[in-house]
Amino acid sequence: MESAVRLRAAVTLLGRFPALAGVDLDITPGEIVLLKGPNGAGKTTLLRLCAGLCSLSTGQGWVLGHDLNSERRMVRRRVALLGHRTGLYDDLTVTENVSFWARAAGADSIDVDEAMERLSLTGRLADTRVARLSAGQRRRASIASLVVRRPELWLLDEPHAGLDQQTRDTVDALVRGAAAAGATVVLATHELERIAVLEPRVVSVVGGVVRADDDPADSESPDPSSEAEDDRRVS
Amino acid sequence: MFRDAWLIAGKDLRIEMRSRVGLNQIVPFAVTVLVLFAFALDTDQEALRTYAPGLFWVTVLLAALLAIGRSFAVDLADGAADRLLLSGIDPISVFGGKAAAIAVQLVVLEVLLGAGVVLLFDVTVHRYGLLVCAGLAAAAGVATAGTLYGALVAGLGVRETLLPLLLLPVVAPVLIGATRAFQDAFGVAGAEGWAWLGLLAGFAAIYGVFGAFSYGALLEEA
Amino acid sequence: MTTATTESTGTGDGIPATTSSRATKVLGWLTLAGFAVLVALAFAWVPEDTRITEQGDVVGQFDAVRLMFVHVPSAILAYTGFGLTFLASLAYVRWRTDWWDMMAHASAEIGVVFGVLTLVTGSIWGRPTWQTWWEWGDVRLVTTLVMVLVFVGYLAVRRIPADAVVQARRSAVIALVGAVNIVIVNRSVDWWENRTLHQQSTLIARKIRDETLFTLSFSFAVGMVLFAWLLLHRFRMAYLQRQIEELEVDEALAERRAEAGMSETQGGRP
Amino acid sequence: MTHVGYLIAGWSISVAAVLAYAGWVLMRGRSLSRRVPENRRRWMMPDD
């Protein structure tokens, strides 16, 4: 079967900064892949590249069988990217946000109800404006608006960061559910022990390149020494 | 395609109705500009009546700059712009939806400002049909050109200063055409109002087509 | 202009570090020589512009006509520059190559320089001839002004640091819209100032003298040589800028790979 | 000769503007050239 993600010598420049400096990566459908590495290593850019939001400066890549150089539009509608930003409109309620993104993706209103239920966005919360939500509730609403799209590839960028216990559990359940449903999940997180139970394949990202890292036991917390790197990622 | 455009327009308009930024900030700003014009031209009622069409449209253009900037700021605030790209909606629909929402806001603004001009500058309307048609066509023209340039500068750090520089020279023909049409409608000068309406409609059509087809390329940020 | 042809500042082993080549040197000298001849023709050969009306009054531009020999070529160069920007942008949209993007940038900048010059010299000519620095009743004047403003915006966008492809695409859209806009502005201004839709503005409809006509044609020729000279240099400047950017990216890539602990190149930039 | 002031102004502004622009392009071209290796400056390669 086709690879979910296939990258060959992928280079992505953000401005003049090579966020990705020649990535080779293969992910088979249904796999759970954990991206590990220091801040500024290029994890976020790698996820955005896989979502079709960043372009390849050189190199080749295919996501779900679509060429990243020529068919990024096709890639985009089949993936879900949960980034640092929630993609929600502050002035709309949770329900309005989720149904807007559902309709934008061509999903049904039944899907909306189900997604809201799954992320426990029911009752008064459903009719609250997003601006009044806590960080955790926002993230859950954001996830609900992605769930309705029934993506084949989940790209999760630090999904646990800055969240309360309930929402962290929700994220774990999401990953488990997506994997059970046969979707591919690629995530970058510092909460390695939470994900370890899912037995992901661990891939190290350092300095804009990927190194295969077969030893899952070697998943201690990342090296904080090069965090300053992050500042250079101009957009 | 129309369904998606309708979805986008509905979303933008609903956000504007909720946030009331247009009503609470942009409209008062526009009325203030009208009042400032009155101060600048002294209490000369005759001059105000003569120049009312031009002053009206300059005010609309200034307010339109704010409305256009706001329309894109809403999408950029928390990453919704990325999600719009990821949603797979055809860029033509996004363009159509955003332009339609801006046009509707401009029409509302024109109605309110028009009332202000009638009250403050003491003009009388002679040709209602021309007035309405010119108002609609000009709103469509400003909205299409504005959406095109709004997308062009969206995401740039200098968008607030760059948008006026890029957009105002381009919408100069709208100012000329709409002013002449309104002069005719107000009866302050014998202009061939309906011919100017043709120019306005042509402008809106050209920028509508141009915007629809280049919008995708502009949104494809790196 | 003269510096084009002076000695080269070497980088060490023979090849001078300039944007000039044999071609630009020839063009540079031609421009200088042509300009000298133009000054002679304009001030010594062309007679002052006068006409005697039926009433016996002497009218005309008098010696102000000599301003035409800088004003008109400036206008031609400005329109050539903007026209070339339009064509290059169109070509960019079709073929998506850096070459056309750089061409659009170079010609737009030259267009703006001469566009501003056209407005300034036109103003200086208009004062003695029309008794006003600015005449809203002239289509060409107003159209040129709007056009210069559009391309000032174009250059402002080009100055914003951005991904090369994004910037090229953005600029091409502005240039294409700008060109369409010029036509709309021209038509609307024409109608606007005539207060009716069925007349053409005819501010200058005098008979032109042969000497004046010849000198004007000559000034176009000199202007075109100057344009070619400027365009070559400006284009090479843009090209060098790209080269430097590429070198910097290569450097950054190498640095990034060193950070990853990779021994040597993998992928890389063409 | 009439309008001498206008003539001087018009011609000198034109010459000054073109000289200033050309000078800027040349100077900038030189400083950029120094930062680019010779094999990337193709126009200087043939017997010049």
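As written, the chain order gives the labels A, B, C and D, with residue 1 at the start of each chain.
In the analysis below, a residue touches a chain if its C-beta (ideal position, glycine included) is under 8 Å from a C-beta of that chain, and two chains touch if they have at least 3 such contacts.
For clarity, every value in this text was computed on a predicted model and none was experimentally measured.
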Furthest chain, CA centroid comparison against chain C: A
Distance from chain B to chain A - Cα centre to Cα centre, in angstrom: 38
Distance from chain C to chain B - Cα centre to Cα centre, in angstrom: 32
Rounded Å distance between chain A and chain D, as computed from the means of their C-alpha atoms: 52
Length of the line joining the C-alpha centres of chain B and chain D, rounded to whole Å: 43
Sequence positions of chain B contacting 2 or more other chains: 220, 222
For chain A, residues contacting two or more additional chains: 55
Pairs of chains, among all present, that meet the touch criterion: A-B, A-C, B-C, C-D
List of chain C residues in touch with chain A within their complex: 161-163, 165, 245, 248-249, 252-253, 256-262, 266-270
Complex interface listing, chain B residues touching chain A: 4, 7, 11, 14-15, 18-19, 74, 77-80, 82-89, 220, 222
Chain D contact footprint on chain C (complex, rising order): 1, 3-4, 9, 11, 13, 15-23, 48, 62-64, 66-67, 70-71, 74, 110, 113, 116-117, 120-121, 124-125, 127-128, 226, 229-230, 233-234, 236-237, 240-241, 243-244, 247
Residues on chain C engaged by chain B in the complex (per definition of touch): 146, 149-150, 152-153, 156-157, 160, 162-163, 165-166, 169-170, 173-174, 176-178, 180-181, 184-185, 187-189, 191-192, 195-197
Complex contact set, residues of chain D against chain C: 1-4, 6-7, 9-11, 13-14, 17-19, 21-23, 25-26, 28-30, 32-36, 38, 40-41, 43-45, 48
